[in-house]
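Attaching a single structure in structure tokens format; questions to follow.
Letters A, B, C and D name the chains as they come in the text, with residue numbers starting at 1 for each one.
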């Protein structure tokens, strides 16, 4: 069984109002050194698959079909045994 | 300047309705091997600080004050130069 | 005219659409359950507003995989009329039946209010009883209504005249303050290239009787009725 | 994963510390021993602890609540069920209730408020009613407190996040800010549902042998009685089994709502109840009490979200979005198939028994055995001692001679309009869907919300009111005024009251001063209800709203429901047309005690709240109602906090279009601040065409309501001769931004 971690982030150029709002709040709390905040999603799950080989391609599928919206989001994942 | 990555996840035992719904949806798409989906937030930002030493404690502060909700969420972060 | 209203788990406005079509407009309407396959003959399918799958992950992301959606996609590809309202719009975008997508309101807050909309094109089955430039007053109620498409897509939408509704002020002007959610180019509703699929964020079904404050929503439904009547279909295609 | 064995668990020694950490007194523990004829095990102790808690047993308030009038010709169900029910005619019934979720909302504002909404929705659909409208009554600390803005954003976000997602419109509410709530915010949520009169459901476990079925979300360690954390038995693996904050899942709630309403169309159901506070334990015991039966539960059948949960935890979990059904024997599979359509769990977890015992088994071994009545009607009841606070006289003393009248009354008005208590609440209600279900005739922004009842000509009006400051200064008068103001708000839109629900938010009942306040408020509410003919059909008490020994202001909130025979005859508060006459129904007295003006301008919370003459109140309300029924009014708005000047400003600026000016002349001889900002009761500002004035005069005379023509609508200025002359646009801007600017 593997533990999979998926990171979904707003695509470059797509506006990120949440990241923006967080940046402003951090500044108002005195953390001026913070810039270029991007806010995304983080998913973790266990994955059980018999045939080892195609694990990566299966996860890529899940991301493209469901977990990320390719119009606005990029994704990346890590697999831990 | 550093690049900081923050991972915010629901605390263990705290209900995660989103993770739950995503898990069901993945099952109905045929990905039966997926279990224990947890859905969280992922943040990236640049951080500029003069005194290297206290960087970690500053980021921890930000997480506790703003980026995570300690009542229901855990957080973890990574720093890259 | 036969209308089908698709019910997703978490749909909230399906009864509003049903009431508006059957009680106010005297149409034949049936609910279609998301787990069923699409069967039968329909003149128009409506994907209602609400929070399918709780809006979890992304609005519309899971609803698009409901079993019935396969049939909806085929039906649309064959030229069938599909209207997506609010969450229905979001689902249609996720399903690839409409270009672009809807993201978090710029304010990051849910927005419920009456807005003014300007009809931008009348050569569609959804707006054929309207006139270019005509104003509608309709309610909005959404947290993720900010329309986004990449620059190329946006350019194509303008060129192909697929932008059917824009948020405007009471005088009919687009302006940042008339834009309730930060949508690109004040876009409130778009159709596909073939002009048979339309998605909009405002709720025409909640503005169909004077006692509710506005009847402007009828424009959209009666346009569809007109388009489906004898000869109507031809009219909007020209 | 390590498991705590049940045996170890239930045989943990019950030390005085364990008893105390369960919030039980020594006497209460002795009573438990007497009832059982033995020592309880830890599971049983936990059960007693929650069932005898103030929250479940109403042990301090029971004696007083009896004073409230709960009957009336239209009452179909008074207090005692999951929600109250009134008849609205045409074979329909309105089902409604209000509940507090104060403490959870302070700890986690978004989830606390969200789960508060979830709970009240379940209380209503449990009765077989589809929820069609919600209200919320909120109290926060002052904006000087750093946490206030955060709490406001979280609570409002949570109410919207949950209610919107479930598809129930939030059509009204109220929000106040005062230091007294800095460390104890109030979140009171109200829901109204509509049902066919003949198909109401009750929380009754009837029919020995019928099945108890658990439906909805799985059980986790959510919100298990906080006291247990401290107990010895829990130290091991403490971190893992720490009770967790409840998180709302509105999506599951929506499915549960639809599935339950579908089930209720069939003939499988005997009783149904939401698993709210004290979860499975209280829902099953309360149903058994009402059904005069017993229950037997097999806890190993309960769907669990986490591993290693003990009977104690399963019984006391407060996981959300769960219901307990009593199902006719043999119909279980049919029930399952209905719930599976919505992908929801439905499992048999027990049965109705004859023995009038609460019995819980875990894998066949009995882990608890307690007489039902010991947990319900025989729970301790206290008559707490009461004492008038020593400083009450001092607090009520207000010598107007020492209060300077403002030199510039225009500036004073602007200062008041900028108070978050008086400014527009639009920032709040923008975040609530108030259109869904297309019934909303009057959305938030009026004196009361109005929704139409489909397939009839009728409408329902809803409002919630309560002024903690008045109650602090004089509990009796404050309680009375809350009822009077709610009824007056209904009158302003043209509705007659049908009934009310309330939340009584107070400090610790163990404090005699608090009980004195409680008793006063109840008596005031009672007299108000009797005088205005409004029964109390449901409600909720929330004690222990205090921090470091300082209780909040006694704060009852009154949610009242009224009916309009012809919904299109409703009236809105704002002026409509230039040239209309402005008329004040009622009269202004020289009084400033407890006013927002005194607080904002002079920093004082003092004096006695405004005087009320119930006969006059009735006359003014009747006059307004009659005039609306006759269709002669253009607008009606009650005068409340901020007084006449603020109410008049609202009439000018609160409408959807451009603001309208007004020109007012007041003839009363009194202090200018009392005249403009005093909060005299029983006043309604109406506007009317000149040619209809005589008809209004006739009605007013007949009803005995004082009536003064005080001015005329028109122009672009807000003019009160000779004191104030300001552009209405300027006032509108101040009023609109008062709250929003504090939440940037």
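One rule holds in what follows: a residue touches a chain if its C-beta (ideal position, glycine included) is under 8 Å from a C-beta of that chain, and two chains touch if they have at least 3 such contacts.
No experiment lies behind these values; they were computed from the predicted model shown.
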item: Between the pairs B-D and C-D, the one where more C-beta pairs touch; value: C-D
item: Inter-centroid spacing, chain B versus chain A (mean Cα positions, whole Å); value: 10
item: Cα-centroid distance, chain B relative to chain C, in whole angstrom; value: 35
item: Set of chain C residues in contact with two or more other chains; value: 53-54, 56-57, 62, 65
item: Residue numbers of chain A (touch at least two other chains); value: 41, 65-67
item: Where chain D touches two or more other chains, by residue; value: 249, 251-252, 343
item: Chains touching one another, given as label pairs in label order; value: A-B, A-C, B-C, B-D, C-D
item: Chain A partner contacts - residues on chain C that touch it in the complex; value: 57-58, 61-62, 65, 93-94, 100-101, 103-106, 108, 146, 148-150, 182
item: Interfacial residue positions of chain B with respect to chain C in the complex; value: 17-18, 21-22, 25, 28-29, 39
item: Chain C to chain B touching residues, read off their complex; value: 53-54, 56-57, 62, 65
item: Residues of chain B defined as touching chain A within the complex; value: 7-9, 19, 22-23, 25-26, 29, 31, 33-49, 58, 62, 65-67
item: Chain C contact footprint on chain A (complex, rising order); value: 13-15, 17-18, 21, 41, 65-67, 69, 71-72
